[in-house]
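The chains carry the letters A, B, C and D, assigned in the order they are written, with residues numbered from 1 in each.
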Amino acid sequence: MAVAELCLFPLGTGSPSVGKYLEPVLEVIKASGLKYYVCPMGTVVEGSVEEILELVKKCHEAMLKAGAKRIVINLKIDDRVDKSLTIEGKMGV
Amino acid sequence: MAVAELCLFPLGTGSPSVGKYLEPVLEVIKASGLKYYVCPMGTVVEGSVEEILELVKKCHEAMLKAGAKRIVINLKIDDRVDKSLTIEGKMGV
Amino acid sequence: MAVAELCLFPLGTGSPSVGKYLEPVLEVIKASGLKYYVCPMGTVVEGSVEEILELVKKCHEAMLKAGAKRIVINLKIDDRVDKSLTIEGKMGV
Amino acid sequence: MAVAELCLFPLGTGSPSVGKYLEPVLEVIKASGLKYYVCPMGTVVEGSVEEILELVKKCHEAMLKAGAKRIVINLKIDDRVDKSLTIEGKMGV
């Protein structure tokens, strides 16, 4: 299992406050069934690399539907095969 | 069309030189048919968000096959719907 | 005030487990006096851009001292001048 | 010597085209005296970690002066002590 941090934001919105574009993304993450953990700079999820990439696609679609004209996605995945990574395990450094 | 930068590297390989894990990843990118551009800190590709995420999955599999036990993936996507982004367009700032 | 996420890891260590290189980095962050918040994929800090960059330098030095031969640093800063960003504010989306 | 990729962009600018905020940043990089290489998803520079962090501070100031109200900075540094990294060396994978 892998742990990933996902961060999307829209460019060219009329205001520096972009919460209304982020809310539908968080709804998609919650609905995914994957374990998640909201962090200040992104949302962390736990799953297989395939599940995580599928989720990124849905988050991108949700932000487009929210009206974003340009979207920057930052994704960082940490995947380990000799033992399974978990959100909780990675919190203990 | 979106432009993305993809960077994978293995942890715990015993040597700070990790080229032998990167070569099969580059082969996968070349074989993908997507336009690509090798940069010092990652490889840039041009395609739909869906094509890019599919490619990430294949790159991850290639590095696992190369023997990596832990892989960190960094992906940054820039997607724009009011006009199409291209590698060349983004080089002109 | 800005909020930043900082993530360092060593390449070429003998094992995929890199906790012993991360511990001294966390000590440096704790000793900095900046407000911080440990996340699964990095540590989030709150401060001016100048304070954050100064901290990155010290974290890098700490990981070198821990014996790392190659270090990858990922830093993401979110800075806003029309109102002050805080870790707590950014947790509420 | 380290190699780093630096990417800044402004949020809330009203238009998805942000080139006028990026131009002064590129001017700062050119004036720094560091070797640089413009990539589609950021600009790559070569220098010590200290020089790179100093440059990030100046780029941030330049984008603020250009009128940005909220700035997201992405910095990735690859530093190696057993041999010196260069932009050219890293292009050969």
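Going forward, contacts are C-beta pairs under 8 Å (C-beta built on N, C-alpha and C of every residue); 3 or more make two chains touch, one makes a residue touch a chain.
All values reported here derive from a predicted model rather than from experimental measurement.
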| item | value |
| --- | --- |
| Chain of greatest Cα-centre distance to chain D | A |
| Between chain D and chain B, distance of the C-alpha-averaged centres to the nearest whole Å | 20 |
| Two or more partner chains touched - positions in chain C | 16, 69-70, 72, 74, 76, 78, 80, 82 |
| Chain contact topology (line, ring, star, complete or other) | complete |
| Touching residues on chain C, where the partner in the complex is chain A | 3-5, 7, 16, 19, 22-23, 26, 37-42, 44, 74, 76, 78, 80, 82, 87, 90-91, 93 |
| Chain C contact footprint on chain B (complex, rising order) | 9-18, 69-70, 72, 74 |
| Touching residues (chain side chain A, partner chain B) in the complex | 49-50, 53-54, 56-57, 60, 64, 68-82 |
